[in-house]
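A short write-up of the structure that comes next.
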Amino acid sequence: MEKGQSYQPVMSQEIAQPQTQVKGQNQIMSQSQNNTAFPVQTKPLLEVKDLRVEYLSPKGPVRAVDGVSFSIAPGEVLGLAGESGSGKSTIAHALLRVLRPPALITGGEVYFKGKDVLSLAEHELEEFRWQDISMVFQSAMNSLNPVMRIGDQIIDVLVKHKKISKREARLRAGELLDIVNIDKNRLDAYPHELSGGMRQRAVIAIALALNPPMMIMDEPTTALDVVVQKEIMQQIEELKEKMGFSILFITHDMSLMVEFSNRIAIMYAGEIVEMAAAREIFENPLHPYTRGLISSFPPLVGPKRKMAGIPGAPPNMAEPPTGCRFHPRCTQCRPVDKVTRPQLQEVLPGHWLAYHEGMPGINRGQAGQAK
Amino acid sequence: MTQSVAPAEQRSGKGPGEVVLEVRNLTKHFPVGTLFRPKAVKALNDVSFTISRGQVVALVGESGSGKSTTARLISRLMPPTSGEIILRGKNVLKTEPHRPSLSYRKEVQMIFQDPFGSLNPVHTISHHLERPLEIHKMVTDKNLLGRVHELLETVGLTPPDEAARKYPYQMSGGQRQRVAIARALAVEPEIILADEPISMLDVSIRMGVLNLMEQLKEERGIGFLYITHDLASARYIGDRTMVMYTGYLVEAAESRELMEQPAHPYTQMLMAAVPNPEGGLIKKKAEARGEIPSLTDMPPGCPFAARCPKVMDICKRSMPGRTQLSQTSDHWVRCHLYGQGEEKQATTTAQL
Amino acid sequence: METHNKPAHFEQQTPSPETVDGPVAGPEGAAEMPDRQDLPVEVEGTPAGQLLVAAPPLPVPGRQRMVWLRTLLKNPKALTGIAIVGLFILVALFAPVIAPGDPTEFVDSPNLPPSAAHLFGTEGQGKDVFRQTVWGAQTSLFIGFVTGFIITLVSTIIGMTAGYFRGRIDDILTLLTNLFLVIPGLPLLIILSAFLAPGTGTIIGALAFTGWAFGARVKRSQTLSLREKDFVAAALVSGESSFKIIFTEILPNMISIIMGSFISSTTYAISASTALAFIGLGNVSEVTWGTNLYWSQNNGAILQGAWWTFVPSGLCVALVAFGLSFINYALDEVTNPRLRAEKDLNKVLKGTAFRKTRTRATPVFRQSQPNSK
Amino acid sequence: MRYILRRLGFYLLAFWAAITLDFFLPRLLPGDPAATILGSGGQLDPSQVQALREALGLTDQPLILQYFTYLTHAIRGDFGISFSNFPVPVITVILTGLWWTLLLGGSSVIISFIIGNLIGIFGSWRRGGAVDSFVPPLLVLVGAFPPFFLGLCAIYLLAFQLHWFPTRHAYEDTLVPGFDPAFFGSVITHMLLPVIVLVLSQLGGWALGMRNTMVSVLAEDYITMAEAKGLTQNRIMFRYAARNAMLPSVTAFGIVLGFVLSGQLLIEQIFSYPGLGFLLISAVQKLDYPLMQGLFLMITFAVLVANFIVDIVYTRLDPRVRAG
């Protein structure tokens, strides 16, 4: 597009075929709804198509997110599961375009209510942020400005977006704290004066400030203890039912994810390898990685059995494996997986899988007998 | 000193239940405050338990509950305020009060939480394994490299000669943690204190590390103190599980029994909070509010009283002792719901 | 600048908290890259679809040990600095060859402007300014480097002792350090030199006495944080002795800090000794850049318009200080991964539209669809 | 409050240490200090010798008593008689210089602090921009020049050759100090050049320090969150980033002040600006030991007070220190 540009992003290895899959993915949303307890929606709220994000490293660009497509319906909770380095947080930050250098978005499209997010000008982006999508960060300790009172950090958003007076904003900020069960007089507290759970709730209050249709929650409870985690997740659930926002929910904790999400996308090495309704993923995981991931969380009840986890280690994204990126760790790997990259396709109604024809254990169109 | 062997442990253990390590009334208070207003952070209070040969004892609790302090006291990285550490019947704080002897170092090893911090970035992997071998004169110089390779193979780092030459930053978190385990194994210890060994690892490789620990326990009869905040992994690997809250052990039993019949309201609360995919969506329920008390200003009575749904008057006045619930699994609890408990200062007789 | 010398090498090895779940190689991945100068992205018109990143072989251990040092030696700023300082060291060493003759000799009439006979002219008493400048390098650099070394040694010992043993030792040493930090150095230096017998030894002693505190503070805090690392605890649990831990576990992780400290102390020593000499507190019969300036001032160079008597020596001090600061500046850049990340980005974006964007939003780079056929 | 009291205690201790150092300095001289000093000081009449002995506390009392006498004198501001200005008391001489030093130092520090930090903030923000690419190396270069050398060059070029600025002193010799516009105008024109030189030599330190902390702060989650909140660039830059990045700068203030003062002493000397530095250097040249000692204590005292003020400001800036 730009003449004289010297930057060349990483090219896909199989450059000849990437476009075939994208068409199918545009429809993922509407179809996948059939299989969930979730009411069918005609129009997705957020649509991400073939998103690519690269980090520039001295060795060359590293593609952290490689052609990811998904969509979220109004009121839906989409879980993005994967290990650290799989690219799930990168996606979250890319949606709001707050990725830190040396990151670049090198391809794909993001539509929010039909708005082309990646083409927004600076001032439009400012409007879009928080009003359309707000975000709850992983560590409240780090995401709150340490030298600013909690109240001021809420008022900030209100004054900027709602164009209301400081006084009105302060009243509203008090209400918001109330909603998340924090005493109003904590408006004047500094972050370090609150406990970990309270801080995270304050962050949620800030995220709620503009009553956005969608929220990104990037590991919102990872830094907290289980009891506090439970309280906070319950609170989010309650607020979601009251206010009806959608959530892009990111965590590596499969148990929490299954409990909380309507639909789950499993990421590995920058790609989505499987996507289906939450129960379906849990009860009928098809991808070997998904199965491995689930067997990495020992159950709290039932008979004690040996669990294997996954052999090997996540790949170095500077040199991702050829073909199926999971192949070096896969116990069911076939020669074809080492060379050709599988494409995400719908193998069961609403159940998408990065798939090669003839994958063991899966017959296209009928329930796989995994498990 | 024969009394130090807790008979209950022998009955409960699955393996050859000879008690290797016992701690009694271990207490750690960190002095804070000023000269004029001295205060103490009561990090650990009156903790007693035993670890037998080939037994994994899991210690579960929230962050700040004193789990890591327990490990650091037993590894003698810091001195306890009071209490006893008894290794094979020998009260080591008496016999070697200032710094632990090499023989203690040889018997009790430790694995740390952060695999990025526990290996020195400037040294090769082989240096990390050679040092303990040299210090404890485990092998002759000639066999040094061979032994290093052997250790790396034991923990599944192959090919060992390649692994030995690497620097820590050339390895993934899981590989580093395996090196840390190999280093602990180098001196052929009796006890390994594992302080949240998997919490900083990628999810998919956690089971590998847990299984490796299990294997070492089975094959070499090493006893583990497995510290974690994750009840499920405690159940998975721990023969016995102890629950800690604000520096107190509040309940302990065989893992299965503890998770199936949690007695202490805190244990119950923990169990209910663990996300459970089988159980479906979160059920909404008013949870007990109230904060964890500050370790510097502990209220009298039970520290859990402020958050306890079953709190009684007596809970705010006095701290209960231990009450034995089951002899067969040595299940005990520290809660007024089950009675006063026994006087806690019974240091001369075995702790029940 | 040295006030904010980021510790470094060590930090790169730990996962930085801000990791946005990026490439698995993470921050270490970025830190270990040996060839940051030749980014493949500079290649223009690479055919689409060609893999730009050839998988590099696993680095051979040992070569990687002090990555920052090797990176430093490729940093243009560092090279500039090293070249400047190196040049002056050579000048000092070969002074008898470059400017033969006694610098204190009266060679011509006073205040002659630069000419072929006297490259830098003559000063107020008729001595050759070029000779004085060249020979001045010897003593000035000698004082600078020796003092720099002493200060580094003292501050390392004090800082590491305080940081490692903590407790009461730390309390006392820290109090002492803070006292020396807060009591203004140069006035103390001036009255010290006024009371003590003049001479190079006195100057070095006084400079070291007033100059160790800052370095000690930096090293103490670095030692403290290293002391808290689990690898130190692990070494203790292995049965390693304190002595061994300090020298083989902690010290190697502090090399870059110690180097930075040596450079900044040397800079300090050269500047401060020049200042002292300038106000007549050095040994005025000795030839240093500072005494050159002293004599120039004493002989009323400004009133005489004899700028050549003070410019060369002053410029030399400035250039050496600049060279040293530039090395430290580069060291900072090399050992602070964040400063580097931005630099790399700029390099890559050079010539593209983003470079000019004022916004901090993540740049979007949409390539034209490669598979039009 | 506890923090402030602790700092106050520390400064008292520091001041005591400075007095003690001052007391022992003459005793470092070989042999009888008074004799040594007099030997090098030229002819003095007996009353001056006596004044010197008293000023140094060199009486026949035991050392410990000498020390306490010295301590009480110092606290009262009694540093004896200056013998280059005989028989004017040292404290009187010092007070004539104190205000000029505060004026020169205060204005140069405040100006360079503001400009330097602004350069640092904008440089880190517009990464890769002109401010960020060329200004820092330039500042390193300027900062490498000894301030007094910059001053020499500036006087030679701008005052002697171009006559843009007066060459020396704090005001026109013909004027009598007083509250009139002519005097103020003169003071300002005399200040300009030294202040410019001082600001130039300090700018780099502030700018580079700020830039480096800004780069770290900009990587913090709360900046990302502020951006995600859709706040304006200015708001993020100042209220979120710079506000936090300033804390280390303020902490470094005390240390920097020491360096600044060093530069200033010599600048005063070059410009014959009648502040403490000028007095100190001429006292050294005239071997006026009591004046030297008094000046050292007064300079230390001024630095300690400045540090204490900065500490109070710091507690306003960082809510976290207020608690502890």
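Letters A, B, C and D mark the chains as written, and numbering starts fresh at 1 in each.
One rule holds for everything that comes next: a contact is a pair of C-beta atoms (placed from the backbone, for glycine too) under 8 Å apart; a residue touches a chain by one contact, two chains touch by 3 or more.
Model, not experiment: these values are computed from the prediction.
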## Note on the structure
Intersection of contact sets, subunit B vs subunit C, gives A
### Message
Using the stated contact rule, I'd like to know whether A-C or A-B comes out ahead in C-beta pair count.
### Response
A-C
### Query
Taking each chain's centre as the average of its Cα atoms, which chain lies closest to the overall Cα centroid?
C
### Euclidean distance of C-alpha centroids - subunit A vs subunit D, Å
55
### Query
How many angstrom between the C-alpha centroids of subunit C and subunit A?
45
### Query
In whole angstrom, how far does the Cα centroid of subunit A sit from the Cα centroid of subunit B?
35
### Query
So which bits of subunit B are touching at least two other chains?
172
#### Entry: For subunit A, residues that touch 2 or more chains besides their own
84-85, 93, 98, 100-101, 125, 139, 142, 314
### Task
Would you pick out the residues of subunit D that each touch at least 2 other chains?
127, 219-221, 227
### Query
Using the touch rule from the top of the page, what pairs of chains touch, sorted by label?
A-B, A-C, A-D, B-C, C-D
### Task
Would you tell me which residues of subunit C are touching subunit A in their complex?
17-26, 29-30, 33, 35-36, 39-44, 46, 48-53, 55-56, 341-342, 344-345, 348-353, 358-359, 361-371
### Message
With touch defined as at the start, can you tell me which subunit A residues reach subunit C in the complex?
### Response
1-2, 4-11, 13, 15-16, 18-19, 55-62, 64, 84-90, 93-94, 97-107, 118-119, 122, 125, 139, 142, 314-319
### Query
In the complex formed with subunit A, which residues of subunit B make contact?
62-63, 172-175, 202-208, 210-211, 229, 231-233, 235-236, 256, 259, 269-282, 284-285, 287, 291-292
### Query
Which residues of subunit A touch subunit B in their complex?
83-85, 195, 225-227, 229-231, 233-234, 237-238, 252-256, 258-260, 282, 289, 292-293, 295-302, 304, 306-314, 329
### Task
Going by the contact rule at the top, pick out the subunit D residues touching subunit C in the complex.
10-11, 13-14, 17-18, 21-22, 25-26, 28-30, 125-128, 136-137, 140-141, 143-146, 148-149, 152-153, 155-156, 160, 204-205, 208-209, 212-213, 215-216, 219-221, 227, 233, 248, 252, 254-259, 261-262, 265-266, 269, 280-281, 284-285, 287, 289, 292-293, 295-296, 299-300, 303-304, 307
